[in-house]
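Structure record follows, encoded as structure tokens.
Going in written order, the chains are labelled A, B, C and D, and every chain counts its residues from 1.
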Amino acid sequence: MTLATPLTGVVPPVCTPLTPDREVDVPSLRALVDHLVAAGVDGLFVLGSTSEVAYLTDRQRRLVTETVVAHVGGRLPVLAGAIDMSTPRVLDQVAAATAAGADGVVVTAPFYARTHRAEIARHFRLIADRSPVPVIAYDIPVAVHSKLPAELVLELAAEGALAGLKDSSGDLAGFREVTAGARGLPGFSVLTGSELLVDAALALGADGVVPGLGNVDPDGYVRLVRLFRAGDRDAARTEQERLCALFGIVGAGDPGRMGGGSAALGAFKAALHLRGVIDCPVTAEPQIPLSAEETERVGKLLAAAGLL
Amino acid sequence: MTLATPLTGVVPPVCTPLTPDREVDVPSLRALVDHLVAAGVDGLFVLGSTSEVAYLTDRQRRLVTETVVAHVGGRLPVLAGAIDMSTPRVLDQVAAATAAGADGVVVTAPFYARTHRAEIARHFRLIADRSPVPVIAYDIPVAVHSKLPAELVLELAAEGALAGLKDSSGDLAGFREVTAGARGLPGFSVLTGSELLVDAALALGADGVVPGLGNVDPDGYVRLVRLFRAGDRDAARTEQERLCALFGIVGAGDPGRMGGGSAALGAFKAALHLRGVIDCPVTAEPQIPLSAEETERVGKLLAAAGLL
Amino acid sequence: MTLATPLTGVVPPVCTPLTPDREVDVPSLRALVDHLVAAGVDGLFVLGSTSEVAYLTDRQRRLVTETVVAHVGGRLPVLAGAIDMSTPRVLDQVAAATAAGADGVVVTAPFYARTHRAEIARHFRLIADRSPVPVIAYDIPVAVHSKLPAELVLELAAEGALAGLKDSSGDLAGFREVTAGARGLPGFSVLTGSELLVDAALALGADGVVPGLGNVDPDGYVRLVRLFRAGDRDAARTEQERLCALFGIVGAGDPGRMGGGSAALGAFKAALHLRGVIDCPVTAEPQIPLSAEETERVGKLLAAAGLL
Amino acid sequence: MTLATPLTGVVPPVCTPLTPDREVDVPSLRALVDHLVAAGVDGLFVLGSTSEVAYLTDRQRRLVTETVVAHVGGRLPVLAGAIDMSTPRVLDQVAAATAAGADGVVVTAPFYARTHRAEIARHFRLIADRSPVPVIAYDIPVAVHSKLPAELVLELAAEGALAGLKDSSGDLAGFREVTAGARGLPGFSVLTGSELLVDAALALGADGVVPGLGNVDPDGYVRLVRLFRAGDRDAARTEQERLCALFGIVGAGDPGRMGGGSAALGAFKAALHLRGVIDCPVTAEPQIPLSAEETERVGKLLAAAGLL
């Protein structure tokens, strides 16, 4: 089971612009897709953590996928997160995402209920069996509180149950084990979710990158990947370090006043708003919004990065 | 905002019997309700962790609540878990549960997305504002990976945002702080989710108990609460210790082969099946089923407790 | 292997008064011992977490044990923590503590190095084999990052390797399992380290209590245990709740500015200083001291408790 | 405060060979040093986690440092871990290590007692003030259960309190922040403790590497660093992947029977024994030894790597 277009390159997790009353802002979502496509990204990932998938209702999730799929019109592959607590609920999400036109689904280990390696394996096998589109494993321990073992990912890949891995674990040694092990599995895509280690991940053999910050500066990530592939590692590193500095926007929100998610998603949306891509920087409930002063700090970092 | 019948006593979290192909087994669910009502319980809690809420689809969740509400017919209050990742998704669950007739909803802190005390407070306030029925906070760090601070629970209780607390945190010192602080809040119910410390919780001033093991032996928990209230603490302790021994059934499943949730829910359902209450002991996917030998161990502990 | 005087009742973990230049303040330490003995405590525990054992050099540890043993002069049993990372280092601490006259040693699971149940079992067996005095297991996951399983404690108790358990885990259900299992082991002492659940622990069958707050108000804990043993559970609960309110002093230090340990130990020492028991409230490096305003808050809570 | 020879290149954490009765095996320790020096390493680090520092008594620690310092005779810098729970105890370890001739000390954040960023900062400042030799921060959350924030490391480096960082956190994004920030601090050494990401760390700007597996195959790590520095990144990656495969020896021990530390240290020592470097593969108490079969698995991986 593979995607028609094998997944490589830059596949940003697409933010979900909201209106002031927290409905999906469809025109802004289309504008964001245009902004990403214009930069030359290689695919789009809707309904990931950066998309505030945890906050979107099922109705909103469908609207997001339908909007993006229709707007992209087949120019790029569109992956959709099918994020829910357990196999039966994820299968409902898979059905909705594929009905809305997604080319692949991205699935985490079970969460909320305690889980076990054997249950995680069973979960992915059951979903792969019943999904009409390829399944990409989403390793995100900060959200689901378990880590996908590299050997399990490779085992499921070898069986054909998984078409790829999106690794947001921060464990680059485990990521290396998967990239090395996946060399003999040509249809399998290894993607890093890190904003800060794209050059390192590519050097280990990653196929692509899914950076949240890629909403704000897709050109930067596209350039970084091209420089790396052209063999200019020093220039790639310089580009990466510029993006690391820009990533400082996620520290604008006061950690005493809000969680790390509110700060990061608030900063991405503030930046998209300041850059004129989306109409409103609001995040979903119950996240805490950035203050005017915090938004100003985001603006200064954008200006320093030459993005304003 | 209070429940018509103030919540006290034994309020079991009702298991969700499934058919071999993992549909809700409505006749078995009704039989289980009868089994609990006959024992003299004081309320029912559907769609909690013990009910495998994390595994039930939205369609199945509605069917469970409708079935139980209809079957109880107003004889007892029925609480329903409104378990999802964030405020907008929980509000959808609240709407479904109340449409199905629940008398109150049970709500956790946000999960999957990282959260913060200020966001948890906002979450409960927004839900309380929009819920047509009383909201009970569900403190279950093992599932949601944050702990509800006692002061926050009391603050929300004093505001009228919360009608009660269901504490499955295992932190009895924090529980004591809530019970002591809630004395001046007459409509507020403090419930423990512990199977093993009911006598201790009652001695601290708990209003009631929500024991998963109460599915298997509701008479035991009803007796325990009555003995305690009658002032016979030694007999209550003896009854509690008998139930602690029975709780050993959750250790029947091999922890090398399955997670703690599979073992506990598998044991409860195996016991209900062995006692003739439900037709099939199957648990939802991707949980690992008990083996025949493990089920036999459950049976021996049931026999030892005089329940076979 | 049992203590000459079986350990029951109130056994406070003795704070270690320091001079302004962070030497052990021997006269203040003797005064603190007098303060505790006068209140009618049943034993003393030096070099526990409340004693800042993690901060005391080996020379200071010896001085503390020698001072207390000499000052007590056999009137009460004196336990000493033998707190270090692994078996060989703990054995050195055991040798030092027994050379200094301790009647028993208190030992945690290994820490710093990753550990495993089998290694923890081996650790306690090796130490028990080589210790000239009884060994009490110290279950303190917040410090050592592993939990002693109840079955392991009972297994080691049945073998005679352990003379008791000091439980600072906060897991009252596990504590109950030990107290129930230890009923057939007459020499084995089950002690809770909780300040807030003494009445509950006694109701479960605890032999004694090791409350850090007992430095500040030993009379309160002695009274609480006596009331409980006299069968007056309501009065015991009232006394316990008074002590819970007093325990609020550990919240005087600003958690944004210092860790929970600095706040708790700083508050205990500030209270002992305000009550005139010790000469100087300083804590060991690198703990952050309470400010004058924070100390004032401690004073107000002491006054409210009738202790000034 | 800087080391006479700035720390770069391969600085293996030296295993501590033991005799069958768990005394330091001085001749084997000298042989191991010879084995490392012959491979061309750039420095030695004694009393690190790989050296079983958590298990060595103070007497054994001194003997190790004295033996290695004397045997090296100034040919290479020798760092020594000064590993203990808090500032006063670490200062005693610093005094012992420098008396034994160490050229620098390696110090973690406080452990056992709960800690806080402000306390960690104070801890390093106090130690730096009183240490006669340069202080290197040791970031090892798996052991001390807190992470050194990159900004704090850089702040302490800029003050001159720290001469370097040894990063065993597994957080390569944080490591990148330190390497980038340290570019303006010429005396500051940034070292990775990873065995598996040496090429990646060097690409980020690391000065050196402290790989436990470097005991077993120092030539491999020396070669890897030389290849990288010569600009041959593909050959460096191939060498790194060979070492990754060799690192599989740490999985020889059964995780059901022993902890990860026992498995890793047991494998390193088994390999050194099989390669004829040390006389006895025993590890310190209470670690679980490898079985004959597990040792055979180590041997097979050594053979596959061409090391037997």
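Some notes on this structure:
The rule is simple: contacts are C-beta pairs under 8 Å (C-beta built on N, C-alpha and C of every residue); 3 or more make two chains touch, one makes a residue touch a chain.
None of the values given here were measured: they were computed from a predicted structure.
For the self-contact between chain A and chain B, the two sides draw on mostly identical residue numbers; the shared fraction is above half.
Per-chain Cα centroids separate chain A from chain B by 35 Å. Each chain gets a centre from the mean of its Cα atoms; for chain B and chain D, those two points are 49 Å apart. If touching chains are joined by edges, the resulting network of the protein chains shown is one closed cycle, each chain touching exactly two neighbours.
Touching chain pairs in this entry, ordered by label, are A-B, A-D, B-C, C-D. Chain contact summary for the complex, chain C toward chain D: residues 22, 49, 52, 54-58, 60, 83, 85-89, 92, 110-116, 118-120, 122-123, 126, 142-145, 257-262, 284-288. Chain D contributes residues 170-173, 176-177, 180, 194, 196-197, 199-200, 203-204, 233, 237, 241, 244 to its touches with chain A in the complex.
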